[in-house]
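Following this message is one structure expressed as structure tokens.
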Amino acid sequence: MNIMLMLLVVPLITAFLTMAILKHQKTVWTIFLAVSGYLSYALFTMYGKWDLSWSIELGFKMFGKNVVLSLINSPLGWFFAFFASLTTLLIAMFSIAYNDEKHDSKTAPIWLLLIFSNIGIFFAKDWLMFFIMWEAMSTTAYFIIAHGKEISAKAAKFYLSISLIGTSTLLLGIILVSRLSQTFDIGVSIDSLVKLFSTNYSAALLYIGLFITTFLIKSAIFPFYMWPSKAYAESPDDFTPFLSTVMSKYGVYGLILFILPILAKSDLPMFGKISQPAYMLAVLGAITSVLATILAIFQTDMKKLFAYSSVANVGYIVMGLATMSVVGIQGALFHSVNHMIFKTAIFLSLAAVIYRTGERDMHKLGGLVYKMPLTFLVYLLAIISAAGIPPLSGFTSKWLIVQALMAQKMLFVVVAMIFASTGAFMYLLRCLASVFLGQLPDKYKDIKEAPLLMAIPMTILMLLTLAIGVIPGIITKPIDAVLTGMGYNVEPSSWTTVHTALAKSDLNLTYLFYVFMVACVISLIMYLISGKQEKIDQIDNYTAGENPLEWDTTPDRFNFAYGFYQPFKQMFNPMLDLISFERWMSSFGRIVERASSALSLLYTRSEGAILMLYIGIAILIIGGMM
Amino acid sequence: MVVINIILYSLFAILVGLIFMGIGRKVSARMHLRYGPPFYQSILDIFKLMSRKSFTHNFVMDLGMVMALAGLLGTMLYVPIAGHSAFISNSNIIVIMYLMAIGSLGMAMAVTASGNPNATIGISRALTMMLGYEIPFFIIVLGLIISNNSSSISVIAASQAGSIWNWNIWHMPLGYIAMEITLQAMMGEKPFDAMIAPAEVASGPMVELSGKYLGLGLLTHAVSIFVETGLMVNFFFGGGSNPIDFVIKQLGIYLIAVIFDNIFPRYKIEQAVKFLWIFPTGIAVVQLLLLAF
Amino acid sequence: MQIINYADEERRQEDNRKLWDKVTAYFRSRSLWMLHYCTGCGAMELPPIMTSRWDIERFGIVPMATPRQADILLLTGYASTNTMKRIIRTYEQMPEPKWVIAFGSCTVNGGMYWDSYNTVNNVGEYIPIDITIAGCMPRPEAILDTMVKLMNMVKSGDAKAFQKYKDNYGYYKANQDKLFARTAPVLESASLKYVHNETEGSEQ
Amino acid sequence: MNSVLFLIVIPLLGAFLALFGKKANRIVAILITAFTEIFSIMIYLSDKLPVSVAIGGWQAPYGINFVLTPLSVGFIVLINLAAIISLFIIRGEKEYQFYSTYLVLLAAANGIVLTGDIFNFYIFSELTTFAITALIAYPRNRRSTGAAIKYLILASTASSFLLIGIGVVYKTLGTLNIADIASKIDLLNPLTLELIIVLILTGIFVELELFPFNMWVPKAYFAGTASVNVMLHGMLGTAGAYIIARILLTMFAVNGSGMLVNANIANAIIVIAMLTIFVSEIAAFNEKKLKKVLAFSSMGQMGLIIFGFMIGNEQALTGAFYMVVANFLAKIILFVLTGEFIAMTGSDNWEDMKGIGRKHPVAGVSFVIGSLSLMGVPFFAGFWGKLAVIQGAMSGNSFMITGIVIILITAVVEGVYFLKISHTFFLKKEDEKEFNAKARIHSIVIAAALAVIVLAIGVHPGLIENNVNRATNEILNSTSNYVDVVFPGRY
Amino acid sequence: MNITELLKDLNSRGLEAEKICDGEIKVIANKDNFITHLHYLQSINYEHLANINGVDYIDENEFEVVYQIYSYTDKIHIIFKVRIPREKPVIQSIVDLWEQAQFYEREVHEFYGIHFEGNKDLSPLFLEDWMDLPPLRKDFDTERFSEIVMGSMRNGGKK
């Protein structure tokens, strides 16, 4: 049985199976784990076999011949699919423990359908298969985000309306492009578009524009950056990591698969060292990461905060891609994997916190480090990697992207990138300070550490960030295969050093880790040789001599967490009110609702019927005469 | 061999940093027409703090303070001192920028773990300030990288070798002015020390640090002075031919900062960020445009 | 400096420890950080010693904001019962080798408020005081002289008030409880019954 | 072959008998509809098609003839299938008038599709109008009588226009036979031709639920019971699609090429179709009553189908026929389930229908499948139709391009409200009180069966591919297929 | 209005008003109707209540409650005195005239034991768990108290 077909069939069958036995959730989620385990194993064995493919001929006639849906194991598709399935495996392990009676979101079958479409998108060879899986992914994601709750349904509706716009533009784009070359095959359509760029520039720009809007919508770049904050916050806690890391990569995959080869091959008006559309993409990525970082700093709900952080990270990836240079794309691919790892670690640790405390607002939590030390450690290493601090994995990819941007002299984009990564440091630490550190509120006095099954995936992710940080070769080697597959000539990367475009600026990461460890030893020695320390109670703080407990203040009143960056927020308030896409989109939604109720009113009153009949006849007559 | 090298460099940096702080206090005392403490006063302070008993609220405080010092030492090891650095690999500006973040992360984590609201307010101010000075700093650095097309400091320092006249301070005067203001903010000196304001938030982050932790905090501050002034020397003052020349230049820069420190009152935190984003950034952008085109 | 022959290891250990203590005592004496707890009118006397005329910083003495960082606690005036509670809490928040300097006569015997119902007459009974400075608010020279005396005491190692507090904590605690925890009225007075039942609103 | 007549005669006979029987009416009606269904399937599968049957021996231009082509018999099969389903989901209507009017409707619908004579077509459409008015008014409350009267007024004014049109045709061409008109159409001078087309179109468009003419649709669907809705949509809607194929694309075609004679009117019709889609989808977006939402959505689908027919090239026509089949199946699923849900919750608003999906997962899932197919999501029948229509329309003039843009925009709107509704079924029911009535198993089974068919067609469109191809090339070269079937020697 | 008109006006209303120095007058009122006068004063823009304090005339066996009132426009400072018997020290509260009076009355109650009718919260303000006689009463022997609690001795004594 062709392994590609098995990849599709296994999730499908288990989806229908689990739908039947949805009642007892333990078995359902173990099946889910088994399926993702199988997928990861199967994908692992497929590395290198780039000739694997599968196709099926449907009876439907398009362009005179029967329509063919086909899959191919391309290095790029394999890269994204394998790391996505790895993340899903870890999340599946987490959701077995997460989905007990109280939290079960009963979304396992739909999630399996989503994985089915996920595989389809990454391995699609022709546009029709790509579109079918894309649309299936959008609708199944709607049902998972809504998962039977009122508030989530509203958030999911916002997500749905935007992603349906995306699918409509994709459909229009596909039909336009396929008419050019009378076939749905992606490779052929790339070449036909490149030819079109030379003949009719504006039409080609329109075709590319349609595809780019779809991919921007799905990866939540600038004009469409506000749906993740609602969708991620309201979706089930164990689904959010999948949603924020894997699903935001479909847009990135689309950009790399289709847009980059076209922009690389066709001759376009240049802006400095890179073509204008690519620069436009970079500017969009820059605006997204800056705006998302600022918005993330002001959130009080921790899942919304990290939703905007995911949007910012995808902004970095798009900036990396827009450099069109080998180092830039290598940085972008590396960052998408890093983002999958550290963002899943963050969301899983938050899910563990929500699982135990049931609270999502940061200022209502505090001091959880004493009760959940492992979750704290996982979260700490994840945010160190997310902030791009050297010993851990997040640094290398950010560093690559900055190097590439500097080599291409995209000055203001690089400044935006650095602003965003420093701003990232602000909101990451805000969540650390208000959720894990500070005083422990009384109602969480007796919460326990996250259960074992949750702890295992979290620790694996933590070790993964460390391993990739120290030995970047684990990820750079597959990236080389992808880049050579895409036609870039890239010299093989070594296990420890990372090469870059600028002169004499290669970086040996293991050496960096080694230096950091020696520095740690030195400061540890200084810590040990000095005087003994005595452990005192958490509430015994310097409060100008007052004893707070006498004035019956509860300890968590001591957490300064609510208006954490209040002065900073006052600076940005006028700007944020001015351009808030969220307000425009929701007001647009209200206009449509008012129009629809007006129209349905038109139908209720009956006296207009005959009048409308004559209007109809008038249209026919006028139409006839023109 | 490298380990001994690293230990020597670390001790050298700490010693130099502490002596700079002592000299700084002496100079500011002399500006107040006071006699001022001996120049080795900071070393005495460090030994006193290290020998005292200290209080800790939980293991995160210890972890955080150790990490802060480790981060700064790691950064220091990446700064080339007068041509040769602790180990062979070339030093990269972007690495240093991100490594400096470990210092503030460790400090922030340790201090917030103490649970004192003053400390958390201090940290939120420190991070806002960090965002404030990071932008102009990077624009200046970007100008340097673009002008000699490499992000390694040793290349930048080497490009200014030879006579005094081809130091970068003369090629990029605007960059120097912007860097001077940003340096003031990076070192947390007077106009931009809203995070350690003793009057408002009882010495901000250091409110709960007693004995040993305060010692580690002071050491981190000393090494950060060494690093920041070291960067300044490498960027604009030709990197120095030998260590003594390098240290003297550093001392000069630090004293300029101390003099500014004694003149200015204190900015409110949003005024400081607004100031940093208008003047130094503006000057740096003009410098960048001059260099790039 | 008499010649020490290290015949037996234990004495040498003991000397080393002594040597190490001597060295740390030196460092402690040369960098004292003070926390002036401005209770009474003495607070006005402290700023001048930091000005250019007297300049206490040359001795390495710097004012610090929180008890955690401070070595010396300066009690600069009379202490009422309420303030005494805060003073004790601040004292306990200071890490180990800590010393207390009391200014003026109010801290010794209550000064001119000796017969007031809420002024503590002898602060020394509640927290150990190393040095008290006489004078109804001592002049800066007196304060400087005290500081130098304290430095010498610390260097020679016999400023052991905090040790005394730790050793006989019971005595101090008893005094403190006597001051604060009041369960029964102290003075029996005729019109007492009137006041009480009136506040309970059960007037005759 | 004139046993074809049974398709019309037997239902009429049954209608007359139903006036007297009480209990037996239900069984009689089911038997008759089952007979017509099986008989039409037998005709469809026999390879004697296409054939023209002259009634009473009178040859074509003079007598009435029934034309049996794969297209017409295929539609008959669909109509009778809808009829059977509507009978099964009847809830408690016992009185005999219901069954007699139902049987009249069945006969008239079969008649519309079979007849080759335009006047005969007019008589059958009149019959359907009266039957439908009676069926809508059946619940006898304020809402249904109002809707029935509104429908009656509109339909009768429209059919009067149709009669005038047929009169003009008879005056100018002297014949009433569709095939004959088709061959003689280019003899007319353009002005009279345009007059004829306009008159006949107004008559047809009321039944086809196009924008200015469909004021009656929401009230009629809202007032009728679930079975009446299925009849209205299944039988009348499909018959309407056949009328477009037969009258517009064969009678008025440019020498049988499936393109309307007068290109301007074709554009006008496209404009009307676009208006219908736009207005109906936007109106459905914020509609609270489930039946009205489905009414608007069926108007939108009809607009899409007519848009597909009007484009005229082979790709768009296959798309249109796929849309007809997909819409037919999906809409019946939704109407059947709506009937059940309204009975269960007792209220028309879809917002109060929380928790149904959790109680009857099969019903919930089939509703989702039905709505997804209407939205044109892949894996469901609607997708292939929409894809082909858009693909076909791409090569057309600027009207068609704007049409595509509107279709895509309304697809978004349609997607949002359909998924919003289908998700409310899976919401947790807050007030834990039991539903008033239990959903009936056999109606859920019907819905699930249709949902499986929709899924099957979506996954493997080859199932109905050859039937659709036969229908499309019959339209495309209607001279060879249709006209010389009726007049063998003429060309 | 200036000080003489004010004196004439107050005397005409049956209060003993006399001038202490320019810009300052003393008024003595009766404890039953003093509130109406205060209300009147407030109406002729004497809107600032600076303080309320008590005085213990132990030999006349009376308490005196003194209200310091000031007017920004007239720039005149009125010292408004009311006498109440020492056995039953109860007086009407003026919270509804001036909000801040609540705290002043609470303090006077704590230190003198005067009960203010109509003041919602008269709980102890400064002294922590004080069991004895209100301390500022003349019959409270403060030296004795400090000798017992704080061990104070006349002119320092020997330790």
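Think of it as A, B, C, D and E in the order they're written, each chain with its own count starting at 1.
By our rule, a residue touches a chain if its C-beta (ideal position, glycine included) is under 8 Å from a C-beta of that chain, and two chains touch if they have at least 3 such contacts.
Keep in mind that what you see is a predicted model, and the values were worked out from it rather than measured.
Asks: Tell me which chains count as touching both chain A and chain E.
Replies: Neighbours common to chain A and chain E are C.
Asks: Comparing centres built from CA atoms, which chain ends up most distant from chain E?
Replies: Farthest from chain E by mean C-alpha position: D.
Asks: What chain lies farthest away from chain B once each centre is taken as the mean of the Cα atoms?
Replies: Of all chains, D has its centre farthest from that of chain B.
Asks: When all chain pairs are ranked by how many C-beta pairs they have in contact, which pair ranks first?
Replies: Top-ranked chain pair by contact count is A-B.
Asks: So, what's the distance in Å between the C-alpha centres of chain E and chain D?
Replies: 95
Asks: Averaged over CA atoms, how far is the centre of chain A from the centre of chain C? Could you give it in whole Å?
Replies: Averaging C-alpha atoms per chain gives centres 60 Å apart.
Asks: On a C-alpha centroid basis, what's the spacing between chain A and chain B, in Å?
Replies: 36
Asks: Where in chain B do residues touch two or more of the other chains?
Replies: 51-55, 202, 207-208, 211
Asks: Mind pulling the residue numbers of chain A that touch at least two other chains?
Replies: Correct list: 531, 540, 542, 544.
Asks: Using the contact rule from the top, write out all pairs of chains that touch.
Replies: So the chains that touch one another pair up as A-B, A-C, A-D, B-C, C-E.
Asks: With touch defined as at the start, can you tell me which chain B residues reach chain C in the complex?
Replies: 25, 29, 32-38, 41, 44-45, 47-48, 51-55, 198, 202-203, 206-211, 214
Asks: Mind listing the chain C positions that touch chain B in their complex?
Replies: 24, 27-28, 30-31, 51-52, 55, 57-60, 64-66, 68-69, 71, 95-97
Asks: Within the complex, which stretch of chain A touches chain D?
Replies: Result: residues 19, 22, 58-62, 131-132, 135-136, 139, 142-143, 146, 148-150, 153, 156-157, 160-161, 164-165, 168-169, 171-172, 175-176, 179, 592-597, 599-600, 602-604, 606, 608-610, 612-613, 615-617, 619-626 of chain A touch chain D.
Asks: Using the touch definition from the top, list the residues of chain C that touch chain A in their complex.
Replies: Listed in rising order, the residues of chain C that touch chain A are 37, 66-68, 85-87, 89-90, 93, 96.
Asks: So in the complex, which bits of chain B are touching chain A?
Replies: On the chain B side, the touching residues are 3, 6-7, 10, 49-58, 60, 62, 65-67, 69-71, 73-74, 77-78, 86-87, 89-90, 92, 94-95, 97-99, 101-102, 104-105, 108-109, 112-118, 120-121, 123-125, 127-128, 130-131, 134-135, 138-139, 142, 145-146, 149-152, 155, 202, 207-208, 211-213, 215-216, 219, 268-270, 273-274, 288, 292.
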